[in-house]
Amino acid sequence: MTQSRSEREVEFGRIVAFSDGVMAIAITLLVLNVSVPDLPAGREDELTRALLRRWPDLLSYALSFAVVGRFWLVHHRFFGTLERFDARLLVLNLLFLGLIALVPFTTEVLDSYGTEPAAPILYALSLGLAGLANWAMVDHAIRRDLVRPEARAATLPYARGQGLLPFIIFAASMPIALVSPTAAELSWVLIFVVVVLRRRTRRGPASSSTRRPL
Amino acid sequence: MTQSRSEREVEFGRIVAFSDGVMAIAITLLVLNVSVPDLPAGREDELTRALLRRWPDLLSYALSFAVVGRFWLVHHRFFGTLERFDARLLVLNLLFLGLIALVPFTTEVLDSYGTEPAAPILYALSLGLAGLANWAMVDHAIRRDLVRPEARAATLPYARGQGLLPFIIFAASMPIALVSPTAAELSWVLIFVVVVLRRRTRRGPASSSTRRPL
Amino acid sequence: MTQSRSEREVEFGRIVAFSDGVMAIAITLLVLNVSVPDLPAGREDELTRALLRRWPDLLSYALSFAVVGRFWLVHHRFFGTLERFDARLLVLNLLFLGLIALVPFTTEVLDSYGTEPAAPILYALSLGLAGLANWAMVDHAIRRDLVRPEARAATLPYARGQGLLPFIIFAASMPIALVSPTAAELSWVLIFVVVVLRRRTRRGPASSSTRRPL
Amino acid sequence: MTQSRSEREVEFGRIVAFSDGVMAIAITLLVLNVSVPDLPAGREDELTRALLRRWPDLLSYALSFAVVGRFWLVHHRFFGTLERFDARLLVLNLLFLGLIALVPFTTEVLDSYGTEPAAPILYALSLGLAGLANWAMVDHAIRRDLVRPEARAATLPYARGQGLLPFIIFAASMPIALVSPTAAELSWVLIFVVVVLRRRTRRGPASSSTRRPL
């Protein structure tokens, strides 16, 4: 009665290819936000200074590239654990992609109005929701037994709440932005700090190479 | 005498990959229509209000993302049932893709002039024709026996008229738009309502998991 | 001594995927040329007329979509016949893709200045060269024995000159454009007329299904 | 203890597909920099001259297309030699892609301010770093034994320093740009000259077809 479909039916690989396409395009469109300085004739010698003043553009480019890159990585590891999928997973995936495809827009708002609270709040809202959609996919897959049995143990901690980390960090940064937009933007770096820390811990003696979280 | 070609010849997978590429790019280019507010210097504190006023942009972004996402889903299920294809199917597919690739344009017209009848009429015209091209592919595939025998029963209702639903809804919304553009835009939601209702019905006792319509 | 490489080495499929990507993006970027009317406030009721005046934009969109679509089709059929490839084929392919990726630019020039001879000449020049690069790939593949033996007979007529047809039509249209830009633009339709006529002839009693030209 | 993962786990093919996507989009977005002349009404007959004055745009389009095309080629040959990969390789790959995706921006700066030293310095900086990231991937793969044993000998010279060539040429061009931006831009052609020369040498009697450098 569940709408689950075998890998062969709706052709698993194509869902991944479509998702890859959307994420690769969203990540590459980010460059359109790094605007070329528009110097008046006769003032071209100010190009160096004008380019150096572009560093916030490049910083937010790097941030969004890293965030989308990280989401892509998690998306792929997760889809690698799936045995089958159902209609709800496809809808959640489209929702996730629709939020990721907004990143060039939210990044441009951040570029243009980084010192206004509304800019980091919008950024955190769309990417926090993307994180939530991502976690909802994993949670749904665990509940409906869509994950391959041997990958279940590794996927479980992510569904249990670890996967909510990006959502929590982005959500927490929203009230911070009301006080200090810069502090909110800096707090997002925590996502990558946690990933690195978690990897370190796993290398300790108690860790096992077979228990690989997403 | 028919120009049918085996899967190996023109390489089936590449047609799908190309179609996926065009649809993924069209869906991601939609973000270029969500324009960043252009506030005069000293009025940056109006960003929140300016962003909130962008809700029709986000609504039409969500609508177009959902419509293209739905077309992509149907496209893939259909190509998953094909055994072989002929020249006419390739031409119909290019026609379909050419109409889908117009969506960023028609969405932008809808964003800019949503209260003028011409905007929803253009939108409904291009996507109605995309729906028609999509149905024509299925109809042609059934007529020329391009569908795998075991998938024929499941594909038949779509070719018999069920597949014309998006075309009919978009076509019906065109005269409605002359009276009320907003009513026309709301009527498009019917496409998704019908999809959900149809899925519900199939879950009843009479439904069989082997009869999966597109 | 030839730099030919086995299918496994530089991974054939990836060349095709990259080529597909470039062509799919070029074809989808065409939509950015179909510009949304910019009506002054209070004159929104002129939208219908403004959109109808966009028909040359839509016509050149359709033309470029069809031309790139046709090149994509030939590209795929050709790569389907290859057994191996060498460095020169890769360079010719990049050259071909570089010319195809220019289409959004040449189409925009055609949109903006369709009545000036220089616009159709530029369009014909870039696509004529793309046709030449395409033919050069086939010719090179035949000379260096890169084509699978069983596909050689079908590929030969294309390398012998039939494949030069798009180049010849585009080249011939360049002097015509000096007299009448519109006549030059109309002459390009011949490419599709010839494709259809050739297909008709092949259906005659003398044709054989095994001899499938590109 | 190393974070290496089998080909099946994070699904090798998807990393390549994502990388292909980013490079194909970056290379195709280059066309957006070739701007259509904006002639005042009544002066449309100056189109030919205006287009001819666009040759630096077309030259930098061709240069960037060739550079990204060359990087793509090396990227693919390298990924074809990999047996497995680890987390650091994925991060280096994302860094490489982030720098390649900047090419449409750096090319536009070069188009607009080609005679200012800062423009070629920015271009050389971003592509020099891309070359460095590319070499770092190969070096890391050799150190951590990620390369298939039979491909190790062929990959070694690249990791030993040959792979640093694009980085060295771009780095050397940066001080040259301070004296003459044009000389710096011309020096980049050396990358392709060296590739051709190296290929020539390999064709000599001492060369062996099995030792194929990247």
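Labels for the chains are A, B, C and D, by order of writing; each one numbers its residues from 1.
Going forward, a residue touches a chain if its C-beta (ideal position, glycine included) is under 8 Å from a C-beta of that chain, and two chains touch if they have at least 3 such contacts.
A quick note: this is a predicted structure, and the numbers were derived from the prediction, not measured.
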Intersection of contact partners for chain B and chain C
none
At the interface of chain A with chain D, does the proportion of residue numbers present on both copies reach over half, so same, or stay under half, so different?
different
Separation of chain A from chain C, taking each centre as the mean of its C-alpha atoms, in whole Å
37
For chain A versus chain B, what separation do you get between their C-alpha means, in angstrom?
26
Taking each residue of chain B in turn, which ones touch at least two of the other chains?
17, 21, 25, 29, 32
Determine the shape of the graph in which chains are vertices and touching pairs are edges (line, ring, star, complete, other).
ring
Touching pairs of chains, all of them, please.
A-B, A-D, B-C, C-D
Give the list of chain D residues in touch with chain A in this complex.
1, 3, 5, 8-11, 14-15, 17-18, 21-22, 25-26, 29, 32, 87, 90, 94, 97-98, 101-105, 108-109, 112-113, 115-119, 122
Residue ranges of chain D touching chain C (in the complex, touch as defined):
16-17, 20-21, 23-25, 27-32, 34, 36-37, 39, 44-45, 47-48, 51, 61-62, 65-66, 69, 72-73, 76-77, 79-80, 199, 203, 212
